[in-house]
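Look for subunit A in each of the two complexes below; its partner is subunit B in the first and subunit C in the second.
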Partner chain A sequence: MKKNDLLEVKNLKTSVFNDQRQVCVVDDVSFSIYENSVLGLVGESGCGKTMTALSLTKLVGSAARFEISGAVNFNGKDLLSAPAKDLLRVRGRQITYIFQEPSTCLNPVLTVREQMEEVLRLHRKDISRSGYDKFLVEGLEKVGMNFAAQKLKTYPHQLSGGEKQRIMIAMATLSRPKLLIADEPTTALDVTIQAQILVLLHSLKRELGIAMLFISHDLDVIGEIADYIAVMYAGKIVEISPAQKLLLTPKHPYTKGLIDCLPQNCKDNIRRRKVIAGEVPRGGIYPAGCRFHPRCPDCMDKCRTRPPPVFRSKDAEEEVSCWLYSN
Partner chain B sequence: MLNYILKRLLTLIPLILGISIMSFFVIHLAPGKPTDIRFELNQKVSLQTRDRLEKLYGLDEPIIIQYWKWLKRLGQFDFGRSFIDERPVMDKIKERIPITLAINLVSICLIFLIAIPIGVFSAVGEGKGFDRTMTIMVFVGFAVPTFWLALLLIKLFSVDLHWLPVSGIRSLEFETFNFWGKTLDYIRHLILPIFVSAFTSLAGLSRYMRTSMFEVLHQDYIRTAYAKGLPKRRIYFRHALKNAILPVITIVGLSIPGLIGGSVIFEQIFAIPGMGKLTYDAVMSRDYPVIMCVLVISAFLTLLGNFLADIAYCFADPRIRYGAKKQ
Partner chain C sequence: MMSRFFNHKLALCGLVIILVISAFSFSAPLICRYQPDDIDIGKYLMPPTSEHWLGTDLLGRDLFSRIAYGGRISLSVGFIAVGLMAVVGICFGALAGYYAGKIDELIMRFVDIMFCFPRFILILAIISMLGPNIFIVMAVIGLTSWMGISRLVRAEILSLKERDFVLAARASGVNDFKIIIRHLIPNSMGPVFVSATLGVAAAILLESSLSFLGLGVQPPTPSWGNILMDAKACLGVAWWLSVFPGLAIFFTVLGYNLLGEGLRDLLVPRK
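Let's look at the complex of A and B:
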């Protein structure tokens, strides 16, 4: 069964220049996002999840000097080699973003209306200026905002974290995007709001048919929303599978470790949670061979020297880079 | 808001009093007396004459009484008469203020008009040609002492090239000019002083603006703006500048006392009869009434400048505006 690719990432490699040193934060990453489906990207902090998301539309540049190679095919066009002008037509219009920290992601000196109107003016030429107000109120009501008309006049600091994230989501859907990239959209929120936002994102996918790249370090959260899950470790994707398969029969030792760490899987002794021993390699200095081998319980000799290739299951649904599956 | 303003104004009174006490005592305790200048080198003056004069000026009384009398007169806006030429202090200051005010007003406007764009464009093109050139210029500006720069410029433009007058604020034949001739004469005299007074502050402010803008450009909400697909110009001038300019408001406030205070150094070099020169001469001859008047005026302006900056901040930054309303 071949699904329609919306976005195909091939051998994406992103390096950031840090004090004259080149650090490879995303290394040879390939994945696809299908129409109207959610790909969850999971991994520990600092493993390159956010950088992967930003690289897709070359958004890294606002923070640092960088270099991206590989290909990101979206609607038959390669975004990485496209001229800046074409990229601006995709970014914010067909691919939109939601970020982790809603309180710092909205401009503190502009009102909610000013920030939302910008999107309409830029990407929705089909709406007349006089229709903005009505459209914005509707947009806010769609994301479950109470007193939407009043909220338009407020500044970000007058809103709660959940409200700010709703505004970010509303803003990201105004342009009727095909793909929404949600970078840890619930991490900074408390648990009840987290659940509400997840429900909201779910309904956006169902009702508007928006595909999503959903990034989180929380497998529980990802499991609730994702159709497919990619597990990332030290700049590389180690396993991609349909969500249910990955959660029930994880293949890569790292994925197994992550699932074992979930609180519900430590029932025998709640006080002593399981952990994956060791630390994530930092600063772009990776061990030779398989990058996970120093922490891997199933480490073999060849893991130490040779990086594992990608092994696919017969139906090509599951991919894993681990020598355990080399037959 | 009105309440807040009134409260702030009331706190100014004890502050002014405190400052006046401090400066009154320090000035009076400084070695040397106003009478010394007239009598020290004059053998013919007897001790009795000197005592009589001290009594006339009220210098024989305890310092607390002197302060109390000074304060009572201040209550009626009477700053007394100068010890040197017996003229009312207010008259002396009134004739000095216009020229100092004119020079400083022009130079402060120039500083802001030039430094802010320099800072913004340096931050935007960080590390590129313009930024590097400006960084060098700025450090030269920092390092060059005002008096040295002034003397070099006089040597070049006035002595060698004869383009500009050497010093003063008007030519000898000033009275024979018509209106435009007079204006031109003033301008020719003021070009160098204004340039010198602007140049060194320009360096500081543009550096400050660069840092502020640079910081803002790395904020999350700028990334959001990029993610919306906004063109760079709009991101820089709407999203970034509006935030980056906030700290500069404080500097505008702090520069208000400088408007009147003038600069001792360049007024001395260019022989400009402004406030800086008046202050310098008054200090050198221990002309207490003039010194105290200048000090009180600058203290008042400093406090007023801070106060105005706070109020302006309220209008520019919604976070503070709404915070102040709540109180």
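Let's look at the complex of A and C:
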């Protein structure tokens, strides 16, 4: 089956200017998201996952402090060179976001109804005002919200974390987007709610045919939902593969390290979890050569001096940036 | 929220004072037996009696009626001036806080310049140029007092705009204007309410001072300030003429200040 690209990111580069110093937080990142599929983006905190997601629709902040280059082709249009006006029609209509912390993503002084109606007014001109109520209740019921009609009247502080995240998801699907960018949508929730939200996102993908970019630092969570997984380290993507292949036969030492860190893979000594020694380089000061080499168990001489290029498998499904695969 | 307000004795006290004085002024036609400009020369400078509860002035006008009707003017001037001050202050503050950079710099330096003028002298100068008139008094008081509010709003918005719900709103395609109007300004209203409440007190005092100097509300329309001005001529013989309007101003300002302080305790979080 041929897969259609919905979103194609080429050489995306995002830099921040901090005290006259330029820090490259997303460096030369390329990936594709296919229609009706989920790309998982995984990596430790501070790897540039969120910055990648925000850069796609130029949400990073004021142009004075951020510089984005590269290309983001969405539906045959480059979002990075599109005028701001066009972006307003892409954000929230074709590409929607869910963020990590549901409790801070809702406006504390507006009711749930007011916030949801804002989305309808902007992106669903096909629905008349009198139909809003019914539509919103249905929207909330679709994401498994109990007492939907009553919840519309509440303020965010009256809701639990799980309920707020359901509302965020409902808001992100009201406009029937083509792509949903979920930035750690389950991280702030406890495990049982986390599982429910994952099931919900899964069913939304199946029923509404929404493609997703799913960001998490938890490989377990990513493994449950993603069709493809991209692993990010220090602003670069080090490996992209179909989910099963990546989890079963990881190639990059960093991916292997992440998988070894999962609790179920520490059977021999449950009390002593494995860790990847060292830390993600901070403040945009990256080591020369491969950025992972100071922490890499398989580090070779050339890793210290030359950054590895991207090596593709024969079927072009797997990509890895590591000198181990240079032959 | 409401119960916290009702437990705050001073704020409640302030609110009661304001409500009583407002009710008294705005129901003036119902409770006053005389019109404020009914002149009865035969009964000039009468001390408080059962007929004229607070006495009469030099022209035999009933002081009770004049204070009641004057309150309408003084309170309205306070309210409208503060409304104007809040609108202007919020607009400038929101623009400065949201857009930062050059716009911020420009607006905040303009605020600094406005703060540099001795306010009362500036108001006197403007009014003596444009002529005293109740609407000019309102406008001038409002337009020379918005700077504090714009600083408050700017500070609030500088921190609010970094919050996640603003990012979430931008991510759902809301434009800058609506983000400011719907998401940022309503969230920054706490300190504005406090400042505006205290501002009403200041505006009433200012209006009284201007009227006292003859540059505010013009006779025969009564306002607390110009009743006091009339009283000045017979301070030695008719104590009631200056004491009662003075008390009216005193209690109104006290009420607004108490309410403002109370709102500050309730709405503005402190360390």
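Just so it is clear, the second predicted complex is superposed on the first by the 322 of 327 C-alpha atoms of A that agree within 3 Å, B and C clash if a C-alpha of one lies under 4 Å from a C-alpha of the other, contacts with A are read in each partner's own complex, and residues count from 1 in each chain.
One rule holds in what follows: a contact is a pair of C-beta atoms (placed from the backbone, for glycine too) under 8 Å apart; a residue touches a chain by one contact, two chains touch by 3 or more.
None of these values were measured; they are calculated from a predicted model.
Bringing the complexes onto one copy of subunit A puts subunit B in a clash with subunit C. After overlaying the two complexes on the shared chain, residue contacts for A:123 are found with subunit B and with subunit C alike. Contacts of A:276 after superposition on the shared chain: neither subunit B nor subunit C is touched.
Touch criterion not met for A:232: it reaches neither subunit B nor subunit C. In the overlay built on the shared chain, the residue A:109 is in contact with subunit B and with subunit C.
In the superposition on chain A, A:320 makes contact with neither subunit B nor subunit C.
The clashing stretch of subunit B relative to subunit C, chosen from 25-33, 97-105 or 151-159, is 97-105 in the chain A superposition.
Shared interface residues of subunit A (contacting subunit B in one complex, subunit C in the other): 57, 59, 62, 88-93, 96-97, 99, 101, 104-110, 118-119, 122-123, 168, 171. Interface of subunit A with subunit B (complex): residues 57, 59, 61-63, 88-93, 96-97, 99, 101, 104-111, 118-119, 122-123, 155, 157-158, 168, 171.
Here subunit A touches subunit C in the complex through residues 57, 59, 62, 64, 88-93, 96-97, 99, 101, 104-110, 118-119, 122-123, 168, 171-172, going by the rule given at the top.
Partner subunit A is touched in their complex by these residues of subunit B: 217-231, 234, 238-239, 242-243, 246, 316-319, 322.
Considering their complex, residues 100-101, 163-165, 167-175, 178, 182-183, 186-187 of subunit C touch subunit A.
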